[in-house]
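Chain IDs A, B, C, D and E follow the sequence of writing; residue 1 opens each chain.
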Amino acid sequence: MLQLEALTVRFGGLTAVDGVTLTANRDEVLGLVGPNGAGKTTLFNAVSGLVQPSSGRIHFDNASLLNTPLHRRARMGIGRTFQVPQPLHELTVRENLLVAQRFGTGKVNEARIAEVLEFTNLASRADRNAATELALTELKALEIAKALCTDPKLLLLDEVLAGLETAGKRRFMTMLQELHKKFSVGILIIEHDIETISRLCDRVAALDFGRLISLGTPDEVFNDPEVVRSYTGAQS
Amino acid sequence: EEFLVGEQEPLTGALARVGTGMHEGIAVAVEVFNQTNGKHTIKVLTEDDESSPAKAIAAVEKLASQGVVAFTGGYGSNNIGPASDAANKLGLPYITSGGVDNGLVQRGYKTFFRINNTAGYQKAMVGVLGDMKVDSASIIYSTKEATAHLAQDVQKDLTAKGLKVGMHPFDPGISDFKPVVNKVRLIDKSDVILMVGYENDYVGILRAANVLKPDVNAMIGVWSLATPKMAADFPDLMPKVYGTALLPYPTKFNTDEGKAFYDAYKKLYNKDPDYLGQFGYVQSMLLFEAIARAADKGTVKQGGIAEELAKTDRNTLIGRVQFTEGDNLNFEHRMGQHQGDRIEIVWPVDTATAPMQYPGVPWK
Amino acid sequence: MKTGIIALLVLALAYIAVPLLLGQNNYVMSLIIASLIIGGIALAWALLGNLGGMVSFGHSAFFGVGAYVSALLTIEAGVPVMWGLLLGGVGAVVASAVMLPVLRLRGPYFALAILAYAHIFKIVAIEWSSVTGGSGGLSRIPAFPTVFGFDLAGKVGSYLIVLTLLVLFVLAYRAIRGSYYGIALRAMHDSEDATRVVGVNSTLLKAMMLFVSAFMTGVIGAFNVHYISFLEPDYAFNGVWVTLPIIAAIFGGYRTLLGPIAGALTVYLVDQLIFKNLISSGHQLILGALLVGMIIFSPRGLLPLLATGFRRKHAAT
Amino acid sequence: MIEVQGLRAGYGAINILWDVSISVRPGELTTIIGPNGAGKTTLLRAIMGLLPVSQGTIQLNDKPLSGIPTWKMPDLGVVMIPEGRMVFKDMTIEENLMLGAFTPKHRAGSRRQCDKAYDMFPRLRERRNQRAGTLSGGEAQMLAMGRGLMADPQVLIIDEPSLGLAPVVVNELFQTLGRLKAEGRTIILVEQSTHRAVGVADHVYLMQGGKVVLSQRAAEVDMEQLHELYFAH
Amino acid sequence: MTELILQALYSGVLQGGSYALIALGLALVFGTMKIINLAHGELVLLAAYIAYTVESASGLSPIFAIPVALIIVCMTAVIMYFLVSLIKTDRELNSLILTYGIGVILTNAILLIWSAEIKSTSSAWMQDAVVVGPLYSMRSEPLFFIISVLLMGGMWWWLSRSWYGRAVRAVAGNRDAARLMGIDPRRTEIVSFVIAGILASFAGVAIFSYGVIQPSLGHVLTIKAFIITVLAGIGSIPGVLVGALLLGVAEALTITLASSALQELVGMVLFLLVLFVLPNGLFGAAGRRG
């Protein structure tokens, strides 16, 4: 569904993403790992339209995304979350979802919003101010809920699990697995916790210095010597 | 019988300086009129228009609601236009010396009167150049309305007379005149520089000229320039500079009216009157007299004041005033020159108080 | 429900009581009209600020363009004055289209870039004298017509026109604010990227707000020119057309629907009726002090301040 | 070294901490763990004076800290490495690091300290002139850590340092923490990965709902029991 | 023609020197605190009027007014900072409006104290011509040009080399984080305002020494200063000098080659061009786009 061909993003002299060729499918959970600064978030930014690739191609459902403005990518079915949660300011949780739905899908469906609220455990928080009255867990849930409301085919999740306590992490993982099935969305997730990735993902892609250094099942990737050297290190 | 007269004047804002000058003249007119007329008295209610057209309208309306029978005052054609428009709608006469735009009289209002116009200033500028027998002139003028019109009228006159004329408009916000003056110095190489602007413009131009010392024979301005205040404030810039003026300074008034004006002014403000005061005085005096005449005929409420004003024909401190469709076509300015700490009238020759010092510029 | 009744009462008061009680007093009427003019711009300014998240220092550009377009069309092309108002607004929208590049700018850059446009428009109005009459401006601007024997050019007529314009503006503002666009716009100020990735075309929305705000200001500019029958660049593009509305909007509460108008009425009337008599020269000093005080003690403005005061009082009793 | 007694604090009208008392001994690493929203960050902010205290006392070396503004803390040898990405976005990495040594007595050694930080996080050296605002999440976290060490603090208060770091870097981080402790520094560590935190700690506090629910020497901690407590709401 | 252009360049450069002096204070507060002080022009103007008062009361050259101006203007600046520091929410926007209000107050206070009349120096020494080959200027112009460049160099050295320079920028970036570094935000900010006051004092005396002042001038100065700050790019002192010279020269050339009526247009067009084409200014870092 999502195809990256030789995708490259440069910032001045720095090559943040370097010739990455990768496919993500609707029926899988694909993990994206790599050392800090490897270019994971930048890759997300290129797919969702926040940065312009320097070269290479991005196809979604066989249509090129290169000249597609950012807001239209949401309508095409690409939803994303941010590494640092970004609730829509000044709005309540419900309004956050209303905006996402109205502009992400073109119509408003209250039932669907109720469903998503329920699903992400935010129902009791629906009328809170999203930016000022939510705890970290709820903010992370809201990030996912917002993306869900745009009826995505593919979700880009940037470290949604980071900073969560163990129990919370487990709850979120269950939630992600369920939503993958229930809403039939493909998931591309960035995460540093190896255990989480192993449990959640069908396939894993590892980046280092912007390059794709390994791709395969979690086992294959985490045993790849290059990944061990640059990323996982000797497990202590 | 006491009559209320409204004065709408810019006492604050960009025109505050000139507005205050006018206001002093109007106050003197009240003083003189009330002492000499005997039968009627005038009380002036003053309203500040803050140099803004909308507030000028509001001022006129406020004064009308307080029962004034006519208006005197205003400065700047852009404020006077809407203000006199409002007065006209209310059927009340409006007399001024603060607006020289031709559009004002072209409206054909029966209630609008003014005692001066661009033509008078133009005559004085062109006239003094004739006496100097120059071949070329550079006009440095502000793009503001009254100044731009006057500059263009003068240019037409001069070109018709075969002079070479260089035109240099400037924006009112300009801070450094050196590049402008330098163009005159190096390109135009004119005999004289004509300045059409306001006080700060003159100071800027003269400053720049003082530095660049263009090879010209005279620096000639219009209103706001040949005043004792300018001589006092900028002693090094003013010597031999020309500007329109009606009377020399220090002045001796020969007529009875002139003496009365002078004394009253001195008494009220403890200083010598300047040209703004004269204008304010003259316009108001003409109005007050018209009110008195209308009162005697009992026509004040029936448009009598405007009728009486239209019939005006009188020698005043600024010469003979008659109104043709609201405009005083007799109006003719004179040209003064800063000579030492005096201001002498140097044009026209028959009223001159001293010969002009020509050629002569501040830096020579 | 309750607010609906209050709104109707206020409207009745404005439409019936004011003309009946004050209609004869030209002076008071002209003050009220002038403050409604300021209020109209303040409303348009606040709409752009509140919904678009943009502070403008250049609304005089729209005011001036609206005035010129309407004046020229009515003088030269014989367009009826009432149509002139509408076209003045359209003219301002066209002018604002030239400004679209500045939408990329943020905060003070946007504010001052718009101001730069206002200056440029003014210079164009001065220099393009064959059309605009140059710095001398235009004269013989047609006034409002007489309809069914009722002179709209008079004080009461003009008052009713500007009042109606303001009512329409408020309704339009309310409709936009309540729509999904309004919600998305509110979100956009502090989280633009986040808003965009859920599918909001933020540039388009901001442009729409600029257009709406420009349109309103242009209509007011056009109204003013026919009301006052006077037009020159210095006046039409004068800074007061933005400074007074800003003071009014901030004072009344630029985040509220009626704050800008309430602020304009208060500030302008108090200034003209009271401060001016206290200090004849420089009475704006007090306005400046009020603005400073308001920003420090109640940055949300007068109406929210009153509302809290009201609530507190009720809670106490 | 640091004594917190009966502390109540919060944000505006909302109170978060309820009578929290902790005691940090010199030269030890004290870890505070607890679920999201337990008030750990709030406690650290209160200690640093970033939040007003409504009740209770905080003492440093038996002297009350009330009335001492946050910006005097580094002078007293107390430095906090805040959670999240509180870096100076518009300044370069190097400038950010230098600011860590802002207090006059540390300025002289700032160059040397800076090199030490680069040695610890070589990635930062590569990027020394990059604007901090454009760093990746993990890089920003490294920068915050490096900056905190610039003033060579006696007391180090660290909030979730491993957040968003790659596993290799996390390993190094905990080694570094161990080394810092060995150098005799006092450390307060808030961490989400309970195992590792308890592993390096001398003393463990568990917080829940704004209260301390467990205080134990690290050696005595039974991880099973801890987890039970952790999930008991 | 060459002589004409040379003179225009020369006048433009000298004018640019004083523009730089006016702009620097604004650029400093903006660059360090993200606050656009819309009353900065009024501060400059206040200094100019103080110079006038000192000159007319004592007959001394306006130069001697500098100490007096420093005291009064810096005090005013500190009061302004105090007011700004009272802002509780949304400082970037509210400070814009607050300083705008302060500008209104100062303009009207100046009007009340000194009246609307234009003022200008009567010091012949200041206005005497200095002729260098084909180039002419008033004596005060090169004098203040040199002062301006010196002040700017000092400022630049101090901001880029000193710990204070880092501290102000840190406070602007993140107050809480700055406090954790041991920086007292209030103190660094007051210092910024005081320095802006010092620069404004010199600038004010400068414009009084070769120009004409009137109460409405403050607003014009603020806008010029902001244009230059944008040309420069945030936080760049060399940028301020270059931007100011560019503006001065562009204006002088426009007057010389076209018409002075277009002078103001130049600044505005330059301003917009730089915003669109070089969004970070001539020398600046990023930050003005949303």
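The rule we apply is simple: a residue touches a chain if its C-beta (ideal position, glycine included) is under 8 Å from a C-beta of that chain, and two chains touch if they have at least 3 such contacts.
Note that the coordinates shown come from a computational prediction; the quantities given were computed from them, not determined experimentally.
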| item | value |
| --- | --- |
| Steps needed, at fewest, to go from chain C to chain D via touching chains | 2 |
| Intersection of the contact lists for chain A and chain E | C, D |
| Chain separated most widely from chain A, comparing mean CA positions | B |
| Greatest separation from chain D - chain, by CA centre | B |
| Where chain B and chain D are represented by their mean Cα positions, the distance between them in whole Å | 77 |
| Interchain centroid distance [CA atoms averaged], chain A/chain C, Å | 44 |
| Rounded Å distance between chain C and chain E, as computed from the means of their C-alpha atoms | 32 |
| Junction residues of chain C, two or more chains touched | 126, 281-283 |
| Sites on chain E at which at least two other chains make contact | 111, 115-116, 261-262, 264 |
| Pairs of chains, among all present, that meet the touch criterion | A-C, A-D, B-C, B-E, C-E, D-E |
| Complex contact set, residues of chain C against chain B | 25-31, 34, 126, 134-137, 139-140, 224, 228-230, 232, 234-235, 240, 272, 276, 280-283 |
| Chain E-touching residues of chain B, taken from the complex the two chains share | 12-14, 16-17, 143, 168-171, 173-176, 178-180, 182-183, 186-187, 199-200, 203-204, 207, 210-213, 233-236 |
| Contact set on chain A toward chain D in their complex | 11, 14, 34-38, 40-42, 83-84, 135-137, 159, 162-168, 192, 194, 230-236 |
| For the chain C and chain E complex, residues of the former touching the latter | 55, 101-102, 104-109, 111-113, 115-117, 119-120, 123, 126-127, 192, 239, 243, 246-247, 250, 279, 281-285, 287-292, 295-296, 299 |
| Chain A residues within the chain C interface of the complex | 48-50, 69-75, 79-80, 82, 86-91, 95-96, 98-100, 102-105, 108, 131, 146-147, 149-150 |
